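Listed below are the structures to be examined.
Each of the two complexes below includes subunit A, the first together with subunit B, the second together with subunit C.
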Partner chain A sequence: MTDYFNEMYHGGAVRAPYARLEDWMRAMPAELRSLKQAEAEQLFRRIGITFAVYGEGGDPDRLIPFDMFPRVFTAAEWARLEKGIKQRARALNAFLVDVYGRGEIVRAGRMPSKLVYQNEAYEKAVAGIKPPKGVYSHIVGVDLVRTGPDEFFVLEDNCRTPSGVSYMLENREIMMRMFPDLFRENRIEPVDGYPALLRRTLASVAPEKCAGEPTVVLLTPGHFNSAYYEHSFLADLMGIELVEGQDLFVEGAFLYMRTTEGPRRVDVVYRRIDDAFIDPLCFRPDSMLGVPGLMDVYRSGGVSICSAPGAGVADDKAVYTFVPEMIRFYLGEEPLLNNVPTWQCGREDDLKYVLANLGDLVVKEVHGSGGYGMLVGPKSSKEQIENFRHRIVADPGNYIAQPTLALSTTPTFVAEGVAPRHVDLRPYCLVGERIELVPGGLTRVALKEGSLVVNSSQGGGVKDTWVLAE
Partner chain B sequence: MLLSVDHVTRYIYDRPVRGVVQSHRLSPSVFDGQAVRDWTVEVSDGIAGGMFRDGAGDRVQGWTVKGPVREIEVRVTGTVETVDLAGVLRGHRETVPAEVYLCETAATRADAALATLADAAREADGPLAMAHRLSALVSEAIAYRPGTTTARTTAAEALAQGQGVCQDQAQALIACARHVGMPARYVSGYLFASDGDAPEAAHAWAELWVAGLGWVGFDAANRCCPDDRYIRLGSGFDAVDAAPIRGTARGNGQERLDVAVAVRQVQQ
Partner chain C sequence: MLSRTADNLYWIARSMERAETAARLLEVGARIALLPSAAGYRNEWDSLLRAGGNADAFALKYGEAVQRNIESFLFFDQDNPSSVASCITQARENGRIVRTALTAQVWDALNTAFQELRQLERTPRSELELSRLTEWTMRHAAMVRGAIDATLLRNDGWDFLNIGYHLERADNTARLMDVKYYVLLPRVDFVGSGFDNYQWSTLLRAMSAHRAFHWAYGGEVTAAKIADFLILNTQCPRSLMTCAEGMAAHLDRVAKLYGSVTGAQVQARAIVAELAVTKVDDIFDEGLHDFLSRFIRRTAELGSVIHETYLSGDMR
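Let's look at the complex of A and B:
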């Protein structure tokens, strides 16, 4: 039985940041708890925050389960994470500038060229193009797990359009509404500055040709997209227009938005659609979601696109293993946050090890996400392991493997009362003229007892995440 | 050689469309083999976008036409001085590493037949000999016969039917080269035919990356390497990616296309 780090109870005592929550939990009668849980669910329903689960069928408007027990970080813990996350965001952007420019990291032999230039996320169309302020990834979602009082690991980076930040904001909102006393008793850093900070970040990367206050829009694929709620929520909070491809058009060297007062020039597009669909004249000719001609406007400096097309080459799971190397190469610093040791099945020795130890490892697809197409060795049947073995052997380059991490737990409300459940954390780092991080993030919790998979598509829930003030 | 180009593309819609957006790769490449004397691209009632050089070294420019409009004319005219470099793309500035052109596209996927064809060149002595061999194999396997394929025909389909046009031969050669691990790309441009009649004045060929030489052009359709009869415009992974004009119209009018290209030698 693995010994998991419990973030509240450690060494037979309650850890300091959870002291007041312990009283709160003990003072709460069971009836009140179920009443509050029902209230929370009602609030989420009323707001309309639901999560459509890909490929699972059933109710697409299913609520993502919310657990009322907050997850807490001390100011000191957060300060350390913040430094590490910002360092990573800087290195990832330096890498993107480099691989679409001279490719020094490859020339120096510090990274295999194949991994970069034969990567399906590498966009030839943006090579040689310098985005404003040299930023490709404006919102970097860094997925972290904790395994001990001082041990944090980065599981993966998300450089394209990381989702979930609306949950960070809503979880806080709802907790404050339901338990105002908690927010008087604890000194909790606010997260509600995120939308303003995001807007400022986006405006800060407006192209040089933009005169005056930049016009920023959020480009969504539409209401059938599983994250549509988040798109409209963020646009609303930022006070910017939520648009679909058909609301925008190119004329000459610029991009415009149709409005009731006539066309209005757009300077920055916060896009929540994939590269392949952005512009049928540059990428998939059959895309109806994008804007024809947008890439020419972007590449000639008429508009900024956030994140920049091509940013995905920095966040695939094989490139991930080189992020510590990027930090050393571009920043001349030692990584403050550790990677999880990773075996690349595309390498012969690694593959041999992985196949011999499948029962102990977590195996993931290089381009997979959402917890699909992965094997958690210790939690899988012999048959599942054997089936997966065939898939790896058939296409080794498509898989990486990592040790099964002893993810920390935090107390979580369950049917029988309160029990430890495994959690991870996704903070959202903003990169523009400056690098900013709001003190908080999205904590995902594996609600199934013993489960290590926190993805909402696999039965995960969310929690409010507190960072305590000094 | 001093070559003049007059290239007119007319788009006619059966019903007026609400607007047209195009992306052009219609300016001659800048390299040691050609120097532009004069060059203009005009689009009837068009509004020019910003011009830029992309990572492959191509000059790209967007154009828009406001609707309602029934007909658009894109006219390219100019003169270019060319030099025979035996196909070698010398002095061409680009950012994209050759290795990027190992990637597969739907139109250039090597099926079993293309792979078998390509494998026959593996015995060649060195990469340059191999490139020549591949080009010869494709010329033999796909006969030049206009009207037998469409713009959407893939390399595999063209080989299966054993005939096609320069686009099909170029795409087949690209598929074969990539199969044997040679980066390859599609090039669009113009060709001057001295024997008067020029069915393929708007031409296409392939470039293969030959270690030591860099990019070298191979025209499987004419069984040669591009010389001073060729004007190079731009490149891409395949025909769609390298198209001199990519465009779309807003509205549901049916589009008809008229193309007229004349490439002539100018007496000096």
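Let's look at the complex of A and C:
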């Protein structure tokens, strides 16, 4: 049995950052707890935070379970994470500018050409474009797991449109409303500056052709999208319009939105739709979501798109293994955060190892997300493993494998009381003229006992994440 | 403001007002049905459906116009776009799309109505009195309306909401009055009878205007007084004149804000101007039904001009 790092109880004692939470937990009678839990659920439902999972059917207004037990980092722990995350965000953007430019990292033989230029996520249509301030990925979501007091690993990078930040903000709001005393007793860094920082970041990458205060909009696929709540929430807090493709049109060299007063020019588009749907003329002709001609305006510097089209090549799971190399190559630094050792099934030696050890590994699709299309070896039946083996052999290049990490646990409210459950962490790093990181992030928790899958689509929940002030 | 945003706000208002009308129609019907029905007399429930303009859709699905079926159709039926359930679902969906243009209170009011509706749908029908359904609807319509008035920024979004409210209300008042036409059509000799007056006052009750009417007019309830009250009197919150003035006022605010007058303002003012010189006698000379039909048509025309000008996003 693996020994998991428990972030509250380590080595038999309560770790310092959790000291007051221990008292809080012990002082809370069971009835109060269920009352508070019901109150939290009602608050979430009233606010309208719900989550629809594609393909699962059922209740489209399902709530993501919220666990009231906070997850805590000390100032020192956070300082270290912050440096590492910012370093990664800088390197990933340097990589994107490079591979859509001269491709030095490939020329220098530090990365295989095929992995970059024949990658599905490599967008030939934007080769040669350098977006304003040299930023492709304006919001980098770095998924981290912890395995010990000082051991953190990056599980994956999200350079396109990482979601979930609304939960970071709402979880905090709801905790402050329900347990104000906790916030008086503990000195917790605020996270509510995030929307203002995001807006500033987006405005800072306005195109040169934009004179005066830039008009920023958030482009959503629409209210049927599972993340629609987050889109409207962010647009509201930033005070920008929430637009759909049908609200925008191109005329001449610029992008406009349809308003009750006639057309209004748009300078920066924070898009929450995938590259493939941005512009039917450039990408998928069958897309109803995008704006015909938008890419022409983008290419000629009439509008900024965040994240920039093509940014996805940096968060591909096969490219991920080279991020430490990027940090060394572009920044001349050693990586502050470690990658999880990864085997590429596309490589013959790696494939052999993976197939021989499937029972111990986590295998993922290179382009998969949301916890779908993955195998958790130690938690799978013989039959599931054999089925997966066939899929890997059929298309090895489509899979990577990693050791099953001993994800840390934090105390979590469960039916029987309080019990340890596995968690991960997604902080949101903002990259514009400056690089910013609010002290906090989204902690996802696997609510099923023993489960290591934290995805909300697979029975995961969320927690408020605290960073204590010095 | 985005045209699509304005469009959704406008439809939130129209849907909520329409839900309230469906509830009022139910109430009118229930009260009329309490009267002992004379032989050869047309089915009162059927007349409600005719006034609402959806008698055919009802007949196709339910057949006989009995109270329980009508309740299903006007309150619960999601296939009927004008049912209370459809309207509240639609208003909440419009609200979800434009969450950024609403305050938390307005959203809360819309969302609460929707969540309670889902509970009502799960409640056994035997436990649901008709009066409870109509009161429930009016309470939630009032809560949404109140949240809008108390918390929303007085910007163009507020104007489009109010334009939607007034336009829908004008249409609905006209249609509710028209119920009378359908009820009485077969037996003209009822006009002026005690039975006739009872129906008129039921109509007033359904518009929550029974007491107000007596304060304003006193004495006998007559067709002329009621037509004056519900069509021309600016004190009556649901009169055609009040609604027309409301539309014109909010359209004027928009014109001022945007610095440009369009066909929408011109048409709205023309409606107000006509009503201002109309006398009750003129209405009865023309024929109440014909007058109301004409008014409904003009309101619909104004609706399409508003759509083309502000809500479609095609203006250049």
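The rule is simple: the second predicted complex is superposed on the first by the 470 of 470 C-alpha atoms of A that agree within 3 Å, B and C clash if a C-alpha of one lies under 4 Å from a C-alpha of the other, contacts with A are read in each partner's own complex, and residues count from 1 in each chain.
The criterion applied here is as follows: a contact is a pair of C-beta atoms (placed from the backbone, for glycine too) under 8 Å apart; a residue touches a chain by one contact, two chains touch by 3 or more.
Keep in mind the model is a prediction, meaning the values are calculated, not measured.
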{"item": "Clash or fit (per the criteria above) of subunit B with subunit C on subunit A", "value": "fit"}
{"item": "Subunit B versus subunit C as contact partner of A:354, first or second or both or neither", "value": "neither"}
{"item": "First, second, both or neither for A:159, with subunit B first and subunit C second", "value": "neither"}
{"item": "Contacts of A:311 with subunit B and subunit C, given as first, second, both or neither", "value": "neither"}
{"item": "First, second, both or neither for A:280, with subunit B first and subunit C second", "value": "first"}
{"item": "Touching partner for A:188 - first (subunit B), second (subunit C), both, neither", "value": "neither"}
{"item": "Superposed model, subunit A: greater residue contact from subunit B or subunit C", "value": "B"}
{"item": "Three-chain overlay, closest Cα atoms of subunit B and subunit C, distance in Å", "value": "8"}
{"item": "Of all residues in subunit A, those that touch subunit C in their complex", "value": "45-48, 222-223, 228-229, 232-233, 235-236, 241-244, 246-247, 257-263"}
{"item": "Residue numbers on subunit C that touch subunit A, as the complex places them", "value": "1-6, 93, 96-97, 99-100, 104, 107-108, 111-112, 115, 156, 160, 254, 258, 310-311, 313-316"}
{"item": "Subunit A-facing residues of subunit B, complex", "value": "19, 21-23, 47-56, 60-62, 64, 66, 94-97, 99-100, 102-103, 237, 240, 246-248, 250"}
{"item": "Subunit A - residues contacting subunit B, complex", "value": "100-103, 106, 113-114, 117-118, 120, 122, 124-129, 249-253, 280-282, 285, 292-293, 295-297, 299-302"}
